[in-house]
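Two complexes are shown next, each including subunit A; its partner changes from subunit B in the first to subunit C in the second.
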Partner chain A sequence: MRIIVDETRCEGYGFCAEAAPHLLELDDEGELTVLSEQVAPDEAANAEAAVRVCPVAALRLQS
Partner chain B sequence: MSVTGDTVKDTVKDIVVVGGSIAAVTAADALRRHGHEGSITVVSDERYTPYVRPPLSKGMLKGVETEESVFMAPPRSDVDFRVKTRAVGLDRERRRVLLEDGEELPYDGLVVASGARARRLGPPEAGELVVRDLDDALRLRAAFAEAGSLVVVGGGFLGMEIASTARGLGLEVTVVDQDPPLVRQFGSLLAEHMTRAALDEGVRIVRSPGGVRLVGQAPVTGVRTAEGELLEADVVVSAVGDLPNVEWLAGSGLGGPEGLLVDDRCRAAPGVVAAGDVVARVSDRTGRPRRSPHWGSAIDQARAAALALLRGDEAPPYRPAPYYWTEQWGLDIKICGRILPGAIPEVLSGSLDERGALVRWTHDGVPVAAATVNHRMPVVKLRKLATAS
Partner chain C sequence: MTGIPDGPSLDLDLFSDDALTDPFPGYQLIRDTAPAVYLPRYRSWAMGRYADVRAALGDWESFSSAQGIGLNDLANAATQGMIIATDPPEHDKLRNVLAARLSPKAIRNLKADIERRADELVEPLVRQGSFDAVGDLARAFPISIVLDLIGLPQDGRDKVLGWADAAFSASGPPGPRTDAAFPLLQDQLAYLSSVQPDQLTPGSMGRAIYDAAAAGEIRQESCVPLMSAYVTAGLDTTINAISNAVWYFARDPEQWDLVRADHSLIPGAFNEVLRIEAPVQFFCRVATRDVEVDGQRLAAGSRVMMLYASANRDERKWQDPDRFDVTRNPVDHLAFGYGMHGCAGQGLARLEGHSILGALARRVERFEVGTPVRRINQLIRGLDGLPTTVVPAA
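Let's turn to the complex of A and B:
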């Protein structure tokens, strides 16, 4: 499974980074950085949680 | 009683979450992320699985986003998520949530995320349209497709978003309110700018200090202001605030007209935490209970509440960091902090007249809020501006 950020939609809310801290992070500028595009099986639930909290649907999962 | 987080956690096996929107979903996710291994049962009285509400007055209402696009990724498989399941009572002594069909759900920990509903001007049979849930938005979208004119009662956030969407669809739009639109949420500088943008688009704004009453019933055909003016339209929408869903808590000693009061860790009572639009907290500034019914608050509170349920006093206190946004009249506005009455705005860059700006408010010389208008800035940066010099 991969987590994909649509950078044209992302507005830097950061809710997702808290939901999946091993996969996503806000950098010093507050921009979203993908730490690992590949989602390990034990991170799948957190990745789904990250997708759920995004208010602008900028994240999606690809299997 | 032990004070270590782990020991407290061991006593919380079965958790029930009442609610079915972002606060409920985020609480369930956070409970799992923080290691809760017992059961989680979420009961939602909606007929849909969770969806995002912000587009209901914007893209989805306009029709540029489909209703399918508002649904969140399905709830996780290790959570028992029940739709069409209404909680009707709480027995705190026996730690049970009572459901409409008579079932009783025992819990060790309870998350109250029962949200709020639209306040209405008339009785339910008046047929007044509101925008709160997905069915409301679908009903209004269908009504817009056949309508030439709209009256919006309420010039707050939601009312002005609905007005902007309808105007974008070509409807003739009138907004009526007791106060000048948007001032409470956006301060006078931004509110006046937004109002001017609405007027430029041909919207009529009527001030009626004495309020309005509905005219006609199912359908409502207009409103009459206390000053006697009749405003008629094909569609009438009320956007006059929301009321916390606390009725199901009656008799439990929890909840009141102001909402469900929580402490600094989102705890309402032993074993009971709360998050989202139902939550009231005592304001540091005024000392009075206050709700903050915004998407961002619901997420932050749900995370704090989940930790407090698992770790008690070891959980970090919830520190509100208000963050909210709106889109209307071609203005995309995001705000961190609170624009307190009397706060002084300063345009740090850009220009409101040129429809792109960064604004900061100070109160007694201290920054209290910052906003972007058609200007993308990561929230972290905006928050820094809102809290430091």
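Let's turn to the complex of A and C:
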């Protein structure tokens, strides 16, 4: 499974990074960085939570 | 579309005084009946379940905003070209102008100033002991912040709030309330058209709109509609959220004790206020093709009310949804909408809400409120007055 950020939609709310800190991070500039596009099985629940909490639907999972 | 389409329908009045005062039984009936229910009075469908509303909001290609988000033709025509009533690619150009100034990154440097303003507003009110939590607190705060950020001249500011209230109500169904509100929406647009770019504070969010037009990023005729988006969406929404917070914490002091004991609950508490009392009750979408909602077919061209306020209390999604619980942290509530049209100012709204709750949590032990006066509006839900007495923290 991969986690994909639509950079044209992402506005940097950062809720995803709180939900999945091993996968996503807001850098010092407030820009979202993908730490790991590949989602390990034990991170799947966090990845799904990250997608769920994005207010602007900028994240999706691809299996 | 003529006649009553196939499918579940309800002869429900969502816009009577009673329904606008307490809309939740009507929403419950809609949720209990079907994923989408036809409301013949408004020649519109209504969707009230969380998963369906969220999925539709996330699918702009099937559920378009470009034919307007309201329930009457006049308002839908008058709001053509406003960001709320656009689809991509037009939407994205306009959104970029707002996001450049409203994204969390863009407003980071406002935090200290907004927190200071919250303290300066709350401190004398608490000292005074009794105040109107709507007029003196909830309205005073966003008005001072938002109108300064937009950079509007002092002249005319006193009228902006009434216009914003009407700009929402004008999108209700045809009838006397819509007739009364519509001219005020026109007044708002006329006023904004009369404001010259050089009257807006240099560096302000309003000035940035005209700069974007001068740079060719958006069309000149998009400027006034974007200004309208700022002055409409930035006021009554936050105002209602703040007054609702005081109202809920007054009635549930144990929840206030939790927040006072642990200020890290403030963001979750603000989300919970928004969940249980969504300031914007609904906006519409129009199906661009025949669509299926949880197995139920809607014909192309169907107008559908997306009932955010109902989705936020859907028992399929939330446990004990009518209970106010600051530890719930319902971060995926739909009070800000969701997806491409998700509120562009939600970062600022949160900053304002968290700052006010923080300023109150440091100073107030108990809120005691008298009878609230409800403000009747066809799209937004909130109070017009809330007599409040506070017991200061020791």
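Keep this in mind: the second predicted complex is superposed on the first by the 63 of 63 C-alpha atoms of A that agree within 3 Å, B and C clash if a C-alpha of one lies under 4 Å from a C-alpha of the other, contacts with A are read in each partner's own complex, and residues count from 1 in each chain.
Throughout what follows, contacts are C-beta pairs under 8 Å (C-beta built on N, C-alpha and C of every residue); 3 or more make two chains touch, one makes a residue touch a chain.
Everything numeric here is computed off the predicted structure, so don't read it as measured data.
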item	value
Which of subunit B and subunit C A:5 touches, first, second, both or neither	neither
First, second, both or neither for A:57, with subunit B first and subunit C second	both
Contacts of A:45 with subunit B and subunit C, given as first, second, both or neither	first
Subunit B versus subunit C as contact partner of A:24, first or second or both or neither	neither
Which of subunit B and subunit C A:15 touches, first, second, both or neither	both
Subunit B/subunit C common contact set on subunit A	11-15, 29-31, 52-53, 55, 57
In the complex, subunit C residues that touch subunit A	57-58, 92, 99, 103-105, 108, 331-332, 336, 338-340, 342-344, 346-347
Contact set on subunit B toward subunit A in their complex	22, 25-26, 29, 32-33, 50, 52, 54, 69, 72-73, 76, 78, 295-296, 299, 303, 323, 334, 376-381
Subunit A residues touching subunit B - in the complex, by the definition given at the top	11-15, 18-19, 26, 29-31, 45-46, 48-49, 51-53, 55, 57, 61
Residues on subunit A engaged by subunit C in the complex (per definition of touch)	8-9, 11-15, 29-31, 52-53, 55-57
